[in-house]
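The structures come next, written out as structure tokens.
One chain, chain A, links the two complexes that follow: it is found with chain B in the first and with chain C in the second.
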Partner chain A sequence: MAMSARQLAVALLLAAAPAGASPPGPPAVDPALGTTPLADPVQEARAMALMHELRCLTCQNQTIADSNADQAEAMRALVRSRIAAGEPPESVRADLIARYGDWVSFRPPARPDTLALWAVPALALVVGALVARRLFR
Partner chain B sequence: MSPLLPSLAELGHLALWMAAGAALVMAAAPLRPALVGLARPAAIAHGLLLIAAFAAMSHAFLVSDFSVSLVATNSHTAKPLLYKLTGVWANHEGSMLLWVLILGVAGLGVALSRMPLGETFRARALGSLGIVALGFLAFLLFASNPFERLDPAPPEGLGLNPLLQDPGLAFHPPTLYVGYVGLVVAFALAVAALLDGKVGPAWARATRPWVTLAWAFLTMGIALGSWWAYYELGWGGWWFWDPVENAALMPWLAATALLHSIRVLETRDALRNWTLMLAIAGFTLSMLGTFIVRSGLLTSVHAFAVDPTRGLFLLLLLLGLTGWALLVWALRAPKVAEGARFAMTSREGFLVVNNLLMMALLAIVFIGTLYPMALEAWNGRQISVGPPYFNATTVPLIVLLAVLMGLAPFLAWKRGTTTGLSRRLLIPGIAATAAAAAALALLGVSGLLALLGFAAAAWLGIASLQLLLRRGLTFVRAGTALAHLGVAVTILGATASGALQREALVSLPVGDGFEVAGFTVTLEEVAPRAGPNWTALEATLAVGRNGAPVTTLRPQARTYTSPPMETTEAGIAMWRAGDLYAVLGKPDGSGRWQIHFWVKPLIHFIWWGALLMAAGAAVALGGTFRVTALARRRRTAPAPGPAPLPLPAE
Partner chain C sequence: MSPARLLPLLALLALGVFLALNLGRPQQATIRSAMVGKPVPAFALPGLDDRPGLATADIAGNGPVLVNFFASWCLPCRVEAPQLKALADAGLPIHGIALRDSPEDIESFLVRHGDPFGRIGLDREGQAAIAFGSSGVPETFLVDRAGVIRLQHQGEIRPEHVAQILAEARKWR
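After this line comes the complex of A and B, so read on.
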């Protein structure tokens, strides 16, 4: 049987899953969900919100929600399957990060080595306020 | 062309070398009093030589002279005429050539305009322009020569990246570069002021037109780029906080701050050092912007600009030029007094707060853009900093800015009296509350930031209209009101198109349909199409609403022949200042087609707002011309005919 590029991408994605996690196991991925929205609008909105924050790894700076690439479609199928099985979006995100690295999520992690990234917005305002105080005196 | 004469391409190459010589004279002229007189002729020669070099390159593209390597790799005889011409700058070398051309023309402007600050000042400003020009010309001549020849010439060219064969992108680089170069001129004037120690209202008056011009063009350039990415890349978005987008946004933020602080300097002789610092920051960020796009340091959707081999040269150029800029500032700024202090509730007090918020936004965009790269260099870990970070950090600041922007123009300079202010702000306040309530109750918007966005747009929009209708309208005030109104319109478009957007990503066979946000969409047909240099599969989507047909969308999946490349052409139809937007994806092998369909209410407001901002800048510039022309006419009392424009329009 000839495999379509999409099925192949799904198969590769599944093969990349950690082998040790078999006992409870993630729910089976339905490849059709790569292009079909979930029936429940609440779950679909939840899946969409997450898909808009995940990087298509084979594209140039696109989310899996925006891309037509096979890999994006396979990842959409995975996200929708697991949201449909009742998994919270953040646990799906965490699992994808464990698999592909922080690179996959457009929301940068909060870690000691990203402290400066998250501190700058607040810091800029504090420094600005100090400068302003000098000017207004 | 006769074999005895050198070809036009060789003459263009020669003109580039001679322009470098002229730039050297410009850079050297301010060093000796005896040489000061050479600055203007050198700048004029420099500008004309660059025009000649650019004309030679344009000629090579127009006649498809494939003996020029750049033409052979980026053009094709079958390409439409417009894209032969815009193909000149749709590549690395050509775009750098365009950059120095605009710098040369700006130098002509500085050399030929009226200069109330004196010839020594002009020579110093031209000297800075000469140094920048030398850096870029060295880069062109030694690291990316646009006039490199091929022998024998190939019979046919390789063609232009089809994504770039588009009117929106054709004019995006020139517009953006005029903005960058305008900031380079503001920087050159700032360096001259630092050297002279003459920083005050007169300097601000001479510099403000350049800053206004730069700001207007940066606004238009960014808007054009966003519009292009929206309709050409087929991803349904208009801003992704991509490094290359941020690279253009950072100079814009600095220019916005500078535009406001220079008003304070002009009117109140305050914020001297701060304004000079902003002029230098604007220049540095323009360099960084050019560097980010041209070096390929950061991969992004602009991957076609990637060229890592030249990165090092550009990095050295960036470090050299910004290092020099900061050195001048560090050495001379302590000699410049900061100027008057002022009350918090005055106009200038609010303009300072505007500046601080702009700097905070700039800091966020800067760190968010460069952090992933720095982190990877530091510990090898790759992270993505994308829309979730930037939206969460910048949107609250933008809302705060919008609130203050509605207020500030009603405050008086110097001493703030707040009497009458509450009466004036009553209507905007009611409008803001009504907008948020309507969004919540009628449109079902629940996100806090989206509600704030609607309220901020209504507040700022109504306040700006009030400003426009107030008695005693001046050019500058009309410009301010229009530009602020533009910001309100853009905020409304961005908020509405995000919060009210509906999308569907489905896969269906021909004849089937789906429903989204009250629209029924039917896939009627998928058929092959052919264009001059592409073939495509085109879907026909009939869109209806309440049983009545609304429009037909025809998204395509295109395959270009030269160079071979697949692209998606979105099917877009305007619907009530918004868009219906469809993208055709792949067939799944069993007769089903993937369709991505969006409803994007009010999305056009985003770009209409940008147009209004630029229009506001044009009105303010018009006021500057008029005031100077009147002053001149009054001085030379019986002036025959209208006075010539004393300041460069371009």
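After this line comes the complex of A and C, so read on.
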């Protein structure tokens, strides 16, 4: 059933594209995949892992895996469609970051400008260890 | 008691003040599109029955032009309708992308609130909105002559924004 829905979506998309359009169209997204898991459990697990790390944009601080918002559903459809097409999850994440910025991913990137974010927990551990050593000596 | 022994207490107090000030604050940040400064994304949308749809090729190379995400179910979209008309009347073309909407509802919205749009694309599944990095309606993108997105206006265009948008469009002619 999911397969036929996908074929329908592809057909609709092809029908919608103007004849002879030069830029490559967007990758076909099956809207049913916003609410239907992928048939292949390995691919579904891969998609699920990514969806649990992507932020819903219209609801506060929920992941798209948890949110009922329309836009979260559209993003789930996009993630599942592209993973079903064989795209690596990190490439899907990178594409969404290119559109929405770092905010869309719950996994912050490691870059010079995010150094403080990654360094503070390590620093806190070191300070804590020093304090503990003084207290329990 | 030495002042050094008060330090943990002071630290705790500071933390308490910080939490009290920040926990009550709403956390919803406006998420700007990261597509500003990049070319219009690849998309192709069907149109209403009697009208052409909207695709990348209609926008790229034909700017400056506005792309307005709207919906008949969106109240602020009604508020901004007169401003869209003013922008169109001033000579700035506007294409519409109707988000998660039915053709019938779009038709009656256009009859009631005016139709400033050159072309209208139907984004039934919201994938074009994701391609633009859009996070809601109404939202308006200014695309320059070369097809690069130059501006994202989130929320309704109010009367005071019209001149700003026209000035920005002139810059990218």
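Quick notes
The definition used in the following text is that the second predicted complex is superposed on the first by the 105 of 137 C-alpha atoms of A that agree within 3 Å, B and C clash if a C-alpha of one lies under 4 Å from a C-alpha of the other, contacts with A are read in each partner's own complex, and residues count from 1 in each chain.
The rule is simple: contacts are C-beta pairs under 8 Å (C-beta built on N, C-alpha and C of every residue); 3 or more make two chains touch, one makes a residue touch a chain.
The model shown is predicted, which means the values in this text are computed figures rather than measured ones.
Touch criterion not met for A:Arg93: it reaches neither chain B nor chain C. Legend: residue contacts after superposition of the two complexes on their common chain; A:Thr36 is shown touching chain B, with no touch to chain C. Legend: residue contacts after superposition of the two complexes on their common chain; A:Asn61 is shown touching both chain B and chain C. Using the contact criterion defined above for the overlaid structures, shared-chain residue A:Val104 touches chain B and also reaches chain C. Looking at the shared chain after the overlay, A:Ala77 reaches chain C, while chain B stays out of its contact range. In the superposition on chain A, A:Gly128 makes contact with chain B only, not with chain C.
Taken together, the two complexes place residues 60-61, 70, 73, 101, 103-104 of chain A in contact with chain B and also with chain C.
Of all residues in chain B, those touching chain A in their complex are 234-237, 240, 242, 271, 299-301, 303, 338, 341-344, 349, 352-353, 356-357, 359-360, 363-364, 367-368, 371-372, 375, 378-379, 381-389, 393, 397, 503-507, 568, 583, 585-586, 588-589, 592, 594, 596. By the touch criterion given at the top, residues 27-29, 31-35, 38, 41-46, 53, 55-57, 60, 100, 124-133, 135-136 of chain C touch chain A in their complex. Put simply, chain A touches chain C in their complex at residues 12-13, 15-18, 21-26, 29, 31, 57-58, 60-61, 70-71, 73-75, 77-78, 96-101, 103-104.
On the side of chain A, the complex with chain B involves touching residues 4, 6, 32, 35-37, 48, 52-53, 55, 60-63, 65-68, 70, 73, 76, 101-109, 113-114, 116-117, 120-121, 123-125, 128-129, 131-132, 135-137.
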